[in-house]
Structure formats: structure tokens, C-alpha cells
Amino acid sequence: MLHTVNKSSFERNSLQSCLNTIDDSSVILFIEDGVINAANNANSSMIADLAANGRVFALQGDVDARGISSKLADNIKLVDYSGFVDLVVEHGTAVSWV
Amino acid sequence: MLHTVNKSSFERNSLQSCLNTIDDSSVILFIEDGVINAANNANSSMIADLAANGRVFALQGDVDARGISSKLADNIKLVDYSGFVDLVVEHGTAVSWV
Amino acid sequence: MATKKFMYLNRRSSFGTVYAIESLEVVLIAAAFEQDVSLAFMDDGVYQIVEGQETDGIGMKNFSKTFHALGDYDINKLYVSKESLEERGLSESDLMPLVYEDEDDDWEEKPSVKVVTNDELKAIMSEQDVCLSF
Amino acid sequence: MATKKFMYLNRRSSFGTVYAIESLEVVLIAAAFEQDVSLAFMDDGVYQIVEGQETDGIGMKNFSKTFHALGDYDINKLYVSKESLEERGLSESDLMPLVYEDEDDDWEEKPSVKVVTNDELKAIMSEQDVCLSF
Amino acid sequence: MKFAIQVNEGPYQHQASDSAFQFAKAAIENGHEIMRVFFYHDGVNNASRFTLPPQDDRHVVNNWASLDIKNADGEPELVVCVAAALRRGMLDESEATKNSIEGNNLHPAFRISGLGQLIEAGIQSDRLVVFGD
Amino acid sequence: MKFAIQVNEGPYQHQASDSAFQFAKAAIENGHEIMRVFFYHDGVNNASRFTLPPQDDRHVVNNWASLDIKNADGEPELVVCVAAALRRGMLDESEATKNSIEGNNLHPAFRISGLGQLIEAGIQSDRLVVFGD
């Protein structure tokens, strides 16, 4: 499964809820304000293990828009919209943590 | 000042942000989904002291709509919309933690 | 048509936003399509099915009773996060007693609501073909 | 007209929602009314004035440069929550160097942005007559 | 006392507009004046005369109109921000004509004006209360 | 692959509609099919032909229209939920006439239909992706 998270974990609980129910083969893609979760900050430990396993992606355009491209946490993989489409194709059911 | 909080602290950080910057003479009114913060739950300690000082209000109509009228935390004062108006009159500047 | 597993993921309470009522409207339509339908209630979504909602004081429509109709539409898999309930000081007895009649068991009335752990929910979610989030 | 203290409270980042840009539009209009204007940036609102925002990849308008115009409109009290910056791994040097020319000090260029603790912000908020939240 | 109200969200999606209406109604019933309601962001969508909710639900737009909030000149003080309105497709006859659009959707109990009306409301009212998401 | 997209928020207020558009565009460029975009909740507001953003900003409604998503019969597959639309003042000519409203605001690149179209999209597509707040 592909889980998209579009909100900052500082503002909302959606990343935590996603992490509570994500299975071992799923990946997470941060889009919109969700890319704030891809920055190196006080909440980074939430996703460190998943990222180390190559399971955390962030949308490049949204990262650039927030001015945090030089501040990403370790092991975040960047994709463009075309890469977003590929993730949906590859990982099957898409769950949006809106 | 009157601070209104209209979101659940389980979903958003607005109650915490309000508490970080509320001064000693201000009161809080929970409206809409903010009344979830008036229920007795895992986050109740956030507002226990303020409530004990009589500084925490909740809108009765919103409490009833969420089915939590029998589950309120200690010392929450209920008001109707008329009481909401009175709080705005009495406490001056209104800050909405939208 | 092929049968797919549809999950409706409800994470918000009933009246602060429109998502709860408009999610329920989708679910009622979905019943006609004879797909495998599950509803998940987690986070503040658990408040959607708390017993005793009264909306007279806010001038909004009280649609909570509509959940009782789901059983008649063969929608009887309502999964509620145990952890979400507990955090909110709620238990199963605070929820509406939603039921359905089991056609495979002499139409016996059975509960539609099942409180599950997040780990159980994880397994249920993993089986879904389509997830609609509200 | 009487002079009142107006605070614009910005708690959300720039592009996920419209609040940031439409807040800035209000502030620019407000300048014409010669009121006492302060802006507060807290929570994810601090991202609004981070240096180096680039929106080509999302097809949205990059309005971040408009913050540089505030000084010309005598809007030079931009308070940024220290705690909000720190939580997000940001420091003052990550913010846009927003300045104004001080007419009371031989038009010397001075910083408009002031990083303050939540306690300092509390005191500033307490003095306001009107608070517009975005 | 003289109140001003800002509404930041549209009808039905968020409770903000309902809460603001209930607040305004209670203020008027308590003998206060609502000098202006300013609709900003998606709040502009509260002003559509095309709105057709189900029979058994409240009619948010008509609720606002029923308050009949006007100034001394008889103009509506349910004010819709022009910039926010155009961006979201809320037009009165004048804006529609100016932009060569056929038709318009602004309810006659509302009027379109500039952001200055919000600042002015903040200055002239005793209290400004914001309702949003 | 055959994609369906659900859009839950209106234009400009939230990024959801922009993200969904960029995703749809990329999918088409990569050779996939967008079999339907279903606009629900405030998402219905993406279909307004009255929308007039500032010159220097993107035009969200025209962006969607530019994708020219149609089915084999030539009908638009930018589908607006009728219940959500009526509640929010989004009308085509037929709904306006039926409800005795003068005027309508649906952009011709979209069509109004029932919620069954969302379920059908879930069944018939290979992937359904939701964009919301």
C-alpha cells in the first residue's frame, strides 16, 4: 500500500495515525504540508526507522516550496509527480491520511 | 482576553498553542470540535489547572451534539450562545485559535 | 461487476466538518453496488457513533440515527479503534448499539460494531482494494 | 479614526492552504489605515518567512517575496516564536532578512523580524485590541 | 455593544459559518449590534443564491439573510471580500459584467467590497470575533 | 493503468485540488488513463465557470478543463456530486431550471451526477487516489 500524508505532524495527528496502522510492506509519501515531516526536526524520530528502510518518500515540488530542500532528514527519497504516479502504480491501494 | 478553541487536541495542536501563550487573566471557550477538549480523557490534564480556576468554558450545544454531556472533565463551565456573547463582552479582545 | 473490498476511513467527529455526514451518504449509496464494504472509525471519528448526540442547540441536522440503517443495507462491518476509544475516555458501551440481522444464521440480530486494536485494524486495512478517506 | 493595536496571527505554512497569502493581502491593505500592526508567526506559520521558497514544481504562485514589501508600508513588527522555530530545526538565519528603514533614526535599515519566546509573545498578545487569525 | 464578525469558511464543509450565525443571532437577541459580518477566504461561498440544501437540513445562506443586517444607508452589512470572491467564483452583476461572465450568483442580502471593510470593522467595532477552520 | 481521482476540497483554499491536477497531468503524460475525476464535498467548487483568479496566479478550474478528460461517448469525466453541489450552490442548467433558479455556474468541461459514479470509479479503476484537506 501507498500511504500519503499531507499535513505536518506539528499541526495534526494524521502522520501518527498512519504510523499506527501501516503494515510492513507499505510506504509513505509526504505531499503538500506533509513534507514538513520530511525535514530534520523534533518529530523526525517518528519516521527514522521507516526512512532507514527506504520506505519514506517526499514530493520534491512541495519540499522546494517550503524552503526545506537543504534540511531534509536522513534517507528521505525525493520524487516528482511522475514518481508519485509510479508509486501509486507499484504499491497498489492508496490510503490518503487527509 | 477570550480565547476560543474549535478543534480537538487529539487532531490538532491549537489548544497547546493557545495554552503556550495565554496570559493569567484570560479564559478559554471550547466551541465546535473544541468541546472534545472539555471531556474527561487522556488530554484532560492540559486544562485541569485552568479549569480549577474557573477559566474554562464549553458551548453547551456543541457538547450535546458530540454526546459527551455526561462525560465532562471537572470544573468545566457550560454556556449557551448567549453566554458566549457575554464572554466576548466581558473579556475584551477575542483570539480565535482556528 | 467484480467485487472489491472498499474501506471507508472515518477520522473526524460529526458536526465540526461535513466529512462524517457526506461519508455516510456515500456508504448508503455504496450498498447498492454489492461490494465488500467496511467502515473504520479511528481518532475523533469514533465520536460519530457515540450514543446520545443531540443537535438542537447548534441548529444542525442530527444524522447520527442514520447509522442504525446500515444493518438493513447489509453493511455490518464497522471497526472501531480500541486505542482511539481509550484515549478519549470512551468504551464500547458508550457507542450506539448498531446491529444487523444475519441471513446465514436464521436472521439472528448481531452487533455490527467491532472494537479492534490498531494492529487488527492494520491487518484489515491491508486487505482492502479501495480506501476512501473522510 | 482611533488607533488600535491589530495583531495578525499566522500559524500555517504558505502553500498547503490559502490562509498565508490571503493574510498577507489583508496586512498590505491594513497598512493604509495607519493602525498599530503586528504580525505573529508561530507553529507552522514560521515556514511562511523561511528563505528560499521555490514554487515552480507545484504550479502555485510564489508570494514569499511580497514579505519584503512590508517594510515599505511601515509594517515592521514581525514576531516569530523561538520555540516554534526550534521544534522545526530552524533558526533565525533560515528566515528571510526582512528589513525596514527607521524614519526616527536617519532612515537606518533595521530588521523587521524579532524572534521572541512564547512568554514574550504572550505579553505582546495581551496588549492587542484586535486579533485576526489565519 | 458593537460587534463585527469574520467568517473564514464556506457553508456545510465546516461548522464555522453555523457557529458565527448562532453567535450573531444571540448577540442581536441580547440587544447588541452586529455592525458588519465580513466573509473572507472560502467564507465568500456563504453568499451564493444558488445554494439548495436538502429540505430537512438548515439553509445556511438564508439563515444569514434572515438576520437582515444593514447599515444606516440601508446597505447590507453582510460583506463579501472581492478578491476572495472572484478567485472562488462568487460574482454580483457588476463584477460579472465587468469580466464578461454570463450570470451571477450573489444573494441580494450580501454585497461585495474590499478588504478595507474588514480593517474598518476592526477599528469601528468594540469586538471582532473570527470564525474559521 | 486506469486511474480514478477523488477531490474533496475547493480551489485555492487548500492545495488538494492543485495536487490532484498535477497528479492527473503526470499520469496522463506517463501514458496512463484518468477514467474519472470525482469532485466531492467542497471539491464541487472546482467546477465553477465564474472563477476569476488574479492574472498572475494559476486558474484551477481552467487547469482541470485543459485535461479534457472524456469518456468514449464524449461526455466529460470530470464529475461533480449532485448532492454536494446543490448544498454548495453549484448548478448546471438542468438543476437550475428544476429548482427555479435564474442562472447557473457549472463549467462545460464538468458534469453533475450521483454518488454512484464514485463507487463505480472505485470498482472500474485500477487505482483510486483521494486528495483532501
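The chains carry the letters A, B, C, D, E and F, assigned in the order they are written, with residues numbered from 1 in each.
Basically, a residue touches a chain if its C-beta (ideal position, glycine included) is under 8 Å from a C-beta of that chain, and two chains touch if they have at least 3 such contacts.
Predicted model only: the values in this text are computed from it and were never measured.
*Asks:* By that same contact rule, can you tell me which chains touch chain A and chain F alike?
*Replies:* Touching chain A as well as chain F, we find C, D.
*Asks:* In terms of C-beta pairs in contact, which of B-E and C-E ranks higher?
*Replies:* Top pair by contacting C-beta pairs is B-E.
*Asks:* Among the chains here, which has the CA centroid at the largest distance from chain B's centroid?
*Replies:* F
*Asks:* Just give me the whole-number Å value for how far the CA centre of chain B lies from that of chain D.
*Replies:* 27
*Asks:* Averaging only over C-alpha atoms, locate the centres of chain A and chain B and give their separation in whole Å.
*Replies:* Centre separation, chain A to chain B: 33 Å.
*Asks:* Express in whole angstrom the distance between the two chain centres, defined as the mean CA positions of chain B and chain F.
*Replies:* That pair's centroid distance is 38 Å.
*Asks:* Multi-chain contacts only, two chains or more: what residues does chain E have there?
*Replies:* 8, 12-13, 15, 19, 22, 41, 57, 83, 128, 130, 132-133
*Asks:* Can you list the residues of chain B that touch 2 or more other chains?
*Replies:* Each of 6, 10-11, 13, 32-33, 61, 80, 93-94, 96, 98 in chain B touches at least two other chains.
*Asks:* Can you list every residue of chain C that touches 2 or more other chains, as numbers and ranges?
*Replies:* In chain C, 11, 15-18, 43, 58, 60, 130-131, 133 touch at least two other chains.
*Asks:* What's the complete list of touching chain pairs for this entry?
*Replies:* So the chains that touch one another pair up as A-B, A-C, A-D, A-F, B-C, B-D, B-E, C-E, C-F, D-E, D-F, E-F.
*Asks:* Applying the document's contact rule, which stretches of chain A touch chain B when the two form their complex?
*Replies:* Per the stated touch rule, the residues are 10-13.
*Asks:* In the complex formed with chain C, which residues of chain B make contact?
*Replies:* 6-8, 10-11, 32-33, 36, 39-44, 60-62, 64-71, 80
*Asks:* In their complex, what parts of chain F are in touch with chain A?
*Replies:* Touch residues, chain F against chain A: 1, 3, 8, 15-16, 19, 22-23, 25-27, 29-30, 32, 127-133.
*Asks:* Considering the complex alone, what residue numbers of chain F touch chain E?
*Replies:* 10-13, 41-42, 45, 48-54, 57, 61, 83, 86-91, 95-96, 99, 101, 103-105
*Asks:* Name, in rising order, each residue of chain F that touches chain C in their complex.
*Replies:* Going by the criterion above, the answer is residues 6, 8, 40-41, 83-84, 114-116, 118-120, 122-124, 128, 130, 132.
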